[in-house]
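Presented sequentially are two complexes of subunit A, the first with subunit B as partner and the second with subunit C.
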Partner chain A sequence: MGKVIVVTSGKGGVGKTTSSAALGAALAQNGDKVVVVDFDVGLRNLDLVMGAERRVVYDLVNVIQGEAKLTQALIRDKRVETLYLLPASQTRDKDNLTPEGVETVINTLKKAFDWVICDSPAGIERGATLAMRHADVAIVVTNPEVSSVRDSDRIIGLLDSKTLKAENGERMEKHLLLTRYDPARAERGDMLKVDDVLEILSIPLLGIIPESMDVLRASNLGAPVTLADGKCAPAVAYFNAARRLAGEELPVAVPGEKRSFFGKIFGRKAA
Partner chain B sequence: MTAVLTQPRPIRLKGRSFLALALTPELPFEDWLIRLDDLAGRSAGFFLRRPVVLDVDGLDIDRAELRGLVEQLGRRNVRIMGIEGARPSLMGADLPPAMTDGRAASDFEAPDAAQASQPELPPPAIQAEPQALRAAPSLVITDPVRSGQSILFPEGDVTVVGSVASGAEIVAGGSIHVYGTLRGRAMAGTTGAASARIFCRKLEAELIAIDGFYRTAEDLDPDLWGRAVQIWLEGEAIKAGILG
Partner chain C sequence: MNLLRLFSRTPTAPSARERLQVLLAHERVAFGDSDLVSKLRDEILAVIARHVQIDGDKVTVKMERGAQMSTLAVDIEIPFDATKKKLDAAKNKKAA
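Presenting the complex of A and B:
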């Protein structure tokens, strides 16, 4: 059985889709079988970031409505053969996502893949709650600014109450992915410090992704940053985050600083 | 031309709780009514002028049966002020209103046969202080209170071991203790306890209130910000002091 991961944040524009694609590609490059599922029905983006927009025929809604088989809707990546995409529908309404349909799709994917990465839409409505519902692990994507941190805190509350795991009395494993971290702005004190974000959210740190033009460039090329240029700083940070996700204990380096965090240690006492 | 938009004095609405007698009828109602008549016969006027709530939780009845029972009771001078535990489909405008969240008080002593022979005795008094020796209830929360979460505990004190996030709120009938950082809203003494206090290890609250008197973050003394603080009420003034 594979692991179901939801990439969520509450706030929009913090880097959920970029992170879903980058982590998916990083995990797949280790030989793991990975599928990235776009839950953002009506505002899909993941196909663009993964460079598959011209190959979309069927989508998640088609599968849920029984208009296509799951195997017909899955798109295999041209660069990494163990990486797949299940696109969202751009034309349908998000009300077409039914809880039963989502459950069936996720359970089927779990049997065939090592990792099922669900890219959640922004907000706390139907699409977001359905994306997190069946997850085993949650990655909370946060920017080091107050509005993003508060929205993430709200999402963590929902992860602890509205998911299947929470309803069964189990604890959802949650990780913080701090994205768009700008060392220069941190230096000037324009951003929340890493310690402050960790103190407020009190969940373990999975990684810190530096703000970089490389991310934007990769998106425009239609490639996850971990495929476009594996050597650039954000790609290295995503590769390390993927290793931590797979269970490896690696210290988290703060960009522009010499010190580092042992993310796992940080989390154990609080989360 | 002048138009009066609002009346100068608004109507005041206040919440208040009263002690009522809860009757729990059993099926079949005919037999239960006979037993009730027997009880009433032994103590005339037992139900007179007493507020009575009908508890129909778990009874498999329809609306006509419920209406029939209320009428039967009315004929016996038992006036029903509310119905507890009924499905919404059972209720209607011709029935007393639904009541929820009833809490148990001491049992009313039903008059027994011995008392029936001494009719000069007054009806048994309601025992009002059955829980005098019970400790005040408190709620302990070991997880951080997240943005958007609301902890309501009108029964007593709330203790939070972690932090209360911005956008979260704690509403307690008694005092509030936060061992992490208080960033959200804390409302203590909401059921009228002016002696309630708020304690926190680090004050960054959006709003604090005791017994309805509140202060927003802007009105708080900047010297208190980020410190370990206790907050209490003196008369109608919110007071705060640094702890330790």
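Presenting the complex of A and C:
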């Protein structure tokens, strides 16, 4: 039985889709069978970030409405053969996402994949609550910035009350993924520090993804950043986060804390 | 090492621009509910379903949307007796 992960945040634009794609690809690159499911009905973007936008035939709503089989809607990645995408519908109303339909889809996927990664839409409406409903583990994507931290706190509250696990009296496993972290700004004291965010949200840290041009470049090309350039800093951070997710004990390095002499001089310009 | 990688990079924005142009051209039409490829897909499947009982698991549909040309590939496994059964059913209906 595979594990169901929800990638959520409350706030938009913090990196849920980027992180879903990158973590999904990283896990699949290790040989695991992974499906990434887009729950953002009406505003799908995971297909674009993963470079499969031209190959979408059917979507999640088609499957839930019985218009297509699940196997027909899954799109296999052209680069990693154990990586699949289930796109959201672009034209349908999000009310077509029924709780029963989502449950059937997730339960079927769980049997066929090692990891089912649910990319949640922003907000706390239907799409977001359905994306988290069946999760075993939640990844809360947060930027070191006040409104993002506040929204993450709200989402953590929902994870502890509105999910199947919570309703059954079980504890939802939650991890913090700090994205768009700029070491230079943190050093100058212009950005919330890692410890500040951890103290406020008090959930364990899965990884810190440094702010980087490489993430933008990867999305331009339609490749998860771990596939576009596996050696760049954000890709390495995602690979490590994926290993932690799989249960490995790996210390989290705070970007910029072990800056070399060279890095100190050029660090602020090179991003 | 890092500098080398920095210099060997090719710009990615042109690729982003091209991908968006193709995608949006298709999506704008789709909102008017006249996405030709999707329409063809549905009608082809409907026609075949009229003659043969199709097993949903035995159908693969692939689409690739391009700037100048799109492709649609419908791959259906038609079992030998599926056609017969359907014909028999039709005959029985007529008889009754």
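Going forward, the second predicted complex is superposed on the first by the 257 of 271 C-alpha atoms of A that agree within 3 Å, B and C clash if a C-alpha of one lies under 4 Å from a C-alpha of the other, contacts with A are read in each partner's own complex, and residues count from 1 in each chain.
In this section, contacts are C-beta pairs under 8 Å (C-beta built on N, C-alpha and C of every residue); 3 or more make two chains touch, one makes a residue touch a chain.
Just so we're clear, the structure is a prediction, and the values are computed from it rather than from any experiment.
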Exercise. After lining up the shared chain so the two structures overlap, which partner does A:57 touch, if you call subunit B first and subunit C second: first, second, both or neither?
Worked result: second
Exercise. Now for A:103: first (subunit B), second (subunit C), both, or neither, which partner does it touch?
Worked result: neither
Problem set entry | Touched partner set for A:156, first subunit B, second subunit C, both or neither | first
Problem set entry | Of subunit B and subunit C, the chain that contacts the larger number of subunit A residues | C
For this session: Considering only the touch criterion stated at the top, classify A:71 as touching first (subunit B), second (subunit C), both, or neither.
Result: second
For this session: Tell me which partner A:145 touches in the superposition: subunit B (first), subunit C (second), both or neither.
Result: neither
Exercise. Looking at the overlay, does A:182 come into contact with subunit B only (first), subunit C only (second), both, or neither?
Worked result: neither
Exercise. Touching A:222 in the superposition: subunit B (first), subunit C (second), both, neither?
Worked result: second
For this session: For A:48, decide between first (touching subunit B), second (touching subunit C), both and neither.
Result: second
Exercise. Is A:202 touching the first partner subunit B, the second partner subunit C, both, or neither of them?
Worked result: first
Exercise. Which residues would you name on subunit A as touching subunit B in one complex and subunit C in the other?
Worked result: 270
Exercise. Which positions of subunit A touch subunit B when the two form their complex?
Worked result: 146, 150-151, 153-154, 156-158, 160, 199-200, 202, 270
Exercise. Touching subunit A in the complex: which residues of subunit B?
Worked result: 143-144, 146-149, 162-163, 165-168, 181, 183
For this session: Sort out for me which residues of subunit A touch subunit C in the complex.
Result: 48, 51, 53-58, 68-69, 71-72, 90-91, 216-217, 219-222, 231-232, 270
For this session: In the complex, go through subunit C and note every residue touching subunit A.
Result: 2, 5-6, 9, 12-13, 15-16, 19, 22-23, 26-27, 30-31, 41, 56-57, 59-66
